[in-house]
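Next up: some structures, all given as C-alpha cells.
Next come two complexes, and both contain chain A; in the first it sits with chain B, in the second with chain C.
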Partner chain A sequence: MRLRTLLPGLFVVAMIIAFLEFAVDAGMIRRALLPPPSATAEVLWELLSTGEFLPPLLSTLKLVFAGFFLGSAIGIGLGTAMGVSPAMYRLFEPLVELIRPIPKSALVPPLMLFLGIDDAMKITSVTLVVTFPVLLNTLQGVRGVDRVMLDAARTHGWGLGHTLWHMILPAALPFILAGMRVSLGLAMVLAVLSEMLAGQGGLGFLILDMQRSFQLRQMYAWLVILAVLGLLLNSIFLLAERRALFWQRR
Partner chain B sequence: MAFLELDALGKFYPQPGGAPPARIMERVSLTVPEGEFLAVLGPSGCGKSTLLQMVAGLTTPSEGEARINGRAVAGPPPEAVYLFQQYNRSLLPWRNCRDNVAFATEHRLGRKPARAAADEQLAQVGLAGFGDHYPWQLSGGMQQRVAIARALAAEPALLLMDEPFSAVDALTRIQLQSLILDIWARRKLTVMLVTHDVEEAIFLADRIAVLTPRPSTIGEVIEVGLPRPRDAIATREAPRFLELRHHLLNRLLARDAA
Partner chain C sequence: MKAGRITSGFWLVAALLALWELSARLHWVDSPNWPALSQVLAALFHDIASGELPPLIGGTLWRMGAGLAAGSVAGVVVGLAFCLAPVTRMLLAPAVELLRPIPVPAVIPPLVLFLGLDDPMKITVVALTAFFPVLTNTMQGVAAVEAEAIQMGRTFGVGPLRRAAFIVLPATLPYALAGVRVALGLSLVVAVVAEMIAGEAGIGHYLVMMQFAGRAPEMYATIILLSVLGYALNRGFVAVERRAIHWWFALGRQADG
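What follows is the complex of A and B.
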C-alpha cells in the first residue's frame, strides 16, 4: 500500500532520468557536462560492488554522527538549563543570539586556523550547526510544559531532578526531536562542506576532487551515494521519532 | 485541634503603572476539623482555585497563612494532594494508567513498588484491568478516575479538589461524586472541594462556605445536615436538599435572599 502511494512520484523521477539519457544521446546536453545516466550508473555499480564506496561513506558518516550527537547533547543540555532557570537564560541568551545568526559554514575557515584540517575541525563545525536549532527548540519545549502538569508534580512532592527527567524532558521531546530533524540535514551540509574545504577523504572531498579532475561520471556517482545517504538518515530519524512520540497520536 | 486552618488569607496582584493592586481575595478564615468534607462554593472568577492553591502550597498568599496540623503552609505540604479540574492536562500522555498512578509514589518508593501498588489503586476507582491503557484511550470520566487513583495513591490526609467533575458529562459526574464519597468515608480523609455547582456542594459536603464576588471573602458557612450515606437519587429529593439549593442559588444569582 505504501508502495502504491510512492509510485507516481517514483515515476516522475524515472521519467526525468530517461529524458536525460535521451537528451544526452541526442546531443541536447553536452556529454562533457553530464554523462548519460546509464554511464553514471555503471560507475556507481562498480563503486558499490567493489565496496569502494564504503570508506568515504563511513568517513563522512562519522563526522555527521559525532557532530550530531555532540551538538544535540549541548543543545538539549543548555536549552533545558536556560528553559528551567531564568538566571541561566540571562547568562547565555546574548551569546546564543550573537552566534546563532552566523551561517556556520562561514566559521569553517577560522576553525581551520585553530583546529587544523583534521576531524576535530570538521566535527566542531558540524557540532556548531547542530547545536542551535536543537537548543532553541528545546528551550521552547521546556518553557511550554503545561503549568497544570508541573503543579501535579509539585503537589505530589516531585523534586527538580525527577521532574526534569520524567516530566519536562518527555513533554518537550516533540520540540527537541523536531529541532534534531532540522539539524540532521544541516549536519550533512556542514560535513560535506568541511570535507570540501579541508578534505583528505569523505564524500564531500571526492565530489569536489572528481569535478576538478573532470571525472564527471565518478562525481555524479558519489553525488547519488550522498543523496541516498541523506534520504536514509532522514527516514530512519522519522521512524525513530514516530516511535518515540507514539503518545502524540491523539 | 483543628486540622486545617485558614487564617485571614488574602491574594492580590500588583498592577502596572502604580495603580492599586487588584484584590482577588481577602480575610478568608476557616477552620476545618479532621475528617470533614468541606465545600467552598462561589461563582466563576471569584478566586476559588486560587484559594485552594494557597492551601496546597502551589501559590503564595499575599497575606495571612494556611496551617495544616498547626504548621504554616510554605510549599506543597506532604499531607495534601491537589486534584485538578483539567485531568487531561495533569496526566502524562506518554505514560499508561499504571505509570500515571505510580507517579504519586515513585519518587519516594522507587518505580517498581509504586507500579505494583498502582493496579490496586486503579481497581479501587473501578478501573481494574486498565493499567496498560493510555489516558488518551479512555473517556474523560475514566481519565478523571485515573487522576483520582493517583491522588489516592499518595495516601493524603487532605484531598484538595478543584472542580474535579466539571469537565465530565452529567451522568459520569454523579457516578464520580458517589465514588468520592465512598473513598472519603472509607479512608477518613479530610476534603476541601471548590465548586460552582450548588447541587454538588450540597450532595457531597458536611459544610458549605459561600464566597462573595471579588474581592471575595466568606459570606456564610452552612451546615448541610443531610444524613449519610447519601444516595445519588434520594438525597437530591430530600426537602433539606431542595431548601439548601433554593437558598444557595438565590445567593449565587444575587437575588433577594429567601
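What follows is the complex of A and C.
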C-alpha cells in the first residue's frame, strides 16, 4: 500500500489513541487497566532514548533468528531430500506425519526439563515450530517440478547437484518462501512463549513480568516494542521474498 | 502411508518408539524426566478412565470452539466489508494490520487486566488468533469471484445486498473455510497456550502443573492427547468441509492459498 492510501487509516489509528487518552482522563477506563497512552509513550521514549530497550530486544531477536535459520535449514534439507528421493520419502514420511500434529508450544515444558531454561531450550522450541511448515512446503514445491523439465535435465547430462541448484530449488522457491513466511510468525510466537514460561529475560518475559508487578506503562511500552519488531521482521521478509521471486508477476 | 503397506518409514517409527521404551526400561537414559512409552500410555489411559482429563479437555475445547466461532464470523464479516465497501478497508485496514504481527502470547497479559483469568480472556485470545487467517482467505475469495458471475447478477438486476448474500458469499465460502481450517489448528494451540500462561483451567494448565510436579508420564500423556485431538479435529473439519462445499471439489478446484 502506498502512503496516500494508508493515510486515512493511520488517521483512524491516531483517533483511537486520542480517544483512549480522553477516555482514561475522563475516568471512563480505569487507570489500573490502561494508563493514558501519553504516559506509555513517555516510558517508551525513556526506554528508547536510554538504549534500555536494546538488550531484551536483541535477546528475543537472537532466539527468533537462530531458531528460524536452523528450522528453515532442516526443513529445506529434509524436504528436498524427501522430494527428490522416493526412498527418503518412504523412510521419513511416517515420522514427519507423527511429529507434525504435536503442538510445539506444548513441548516447551518437557524441553525445560531436559535443556533447562536457557537459550538452548528456547532455540530448540523455535526450531521445532519453524521446521514443519518449511519442510512440507519444500516437499510440495520439489514434487511439483515439471517432470518434462527433469527429463530434459537428464537428457542434457546434468548431475543431481546441478539439477537441484539450477532447476529444482528455483522452481520450489515460491513454496519454500511461503512456508518460511508462515514459520517466521510462529517463530515469534514460540520465542515469546518460551521466554514467558522460562522467566529469564527477553520481551516476552518482560511483558508478563511487568503485568504481574502492575507496572502497566512499562508493560504496554514493551508490547509496543514487540509489535514493531513483529511488523518490521514481517515487512523485511515480504520485501526479500518479492526480491527473490522477481520473475513472478503478481 | 497406505494402510497395509509396511514401508521403511514404518520400521523407523517402530524402531524409535522401541528405543524410547528400552532406553527408559534399561536405564540407558536414567532420568525421572524420561519415562518409558508404556508408562506414558498407562498414565494416559489412567487419567482418562479416572475422569481427571475429560472435563479438562471439555473446558479447553469449549474455549477453543467459542473463540474459533467468534473469530471466524468476525473474519468473514470484516473480509466481506473490506472488499465490498472499500471505504471500510481504507479506514480500518491499517489498524488491523498493526495488530496482526503481535505474537499472540504477548496479548495475554494486557487482556488479563481487562477480562480476568477465566473464559472471557481465553476465548478472546482464541478469537483474535482465528480472525486473521479467516480475514485473509475471505478477502482472497472475494477477489477470486469471477467477474462474470457478478456481471450476470447485474444483468438479471440483482441488487448489491442480494449480490453479496447470494453470489459473493457462496463463491467465497471455500476460501473462508480454508481459512477456518488454518484457524482451527491455531485455535487449539492458542487455547492451550493461554491456559499455560494464565488461570487454573484446562489442559494447558494441567500440562504446566505436571511439569512443576515432576510427573513426567502425565506430562507426555497430555502432549500425546493434544496431538491426537489436533489431528482428529483437522480430519473432522476436512470431512465436514467436503460435505459443505462438495460442488466446489466437484469442479476440481482447490482453495489452498
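Methods note: the second predicted complex is superposed on the first by the 248 of 250 C-alpha atoms of A that agree within 3 Å, B and C clash if a C-alpha of one lies under 4 Å from a C-alpha of the other, contacts with A are read in each partner's own complex, and residues count from 1 in each chain.
Criterion: contacts are C-beta pairs under 8 Å (C-beta built on N, C-alpha and C of every residue); 3 or more make two chains touch, one makes a residue touch a chain.
Quick caveat: nothing in here was measured; it's all calculated off a predicted structure.
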First, second, both or neither for A:Leu113, with chain B first and chain C second: second
Partner chain in contact with A:Leu203 - chain B first, chain C second, else both or neither: second
Touch count on chain A, higher of chain B and chain C: C
Contacts of A:Pro170 with chain B and chain C, given as first, second, both or neither: first
Touched partner set for A:Ser49, first chain B, second chain C, both or neither: neither
First, second, both or neither for A:Thr155, with chain B first and chain C second: first
Chain B/chain C common contact set on chain A: none
List of chain A residues in touch with chain B within their complex: 146, 148-149, 151-152, 154-159, 162, 166-167, 170-171, 246-250
For the chain A and chain C complex, residues of the former touching the latter: 1, 5-6, 8-10, 12-13, 16, 32-34, 87, 90-95, 97-98, 101-110, 112-114, 185, 188-189, 191-193, 196-197, 203-204, 207-208, 210-212, 216, 219-220, 223, 226-227, 230-231, 233-234
Chain A partner contacts - residues on chain B that touch it in the complex: 53, 56-58, 76, 78, 80-82, 84, 86, 89-94, 103-104, 107-108, 134, 136, 150, 154, 160
Partner chain A, residues of chain C touching it in the complex: 1, 7-10, 12-13, 16, 33, 90-95, 98-99, 101-110, 112-114, 188-189, 192-193, 196-197, 204, 207-208, 210-211, 216, 219-220, 222-223, 226-228, 230-231, 234
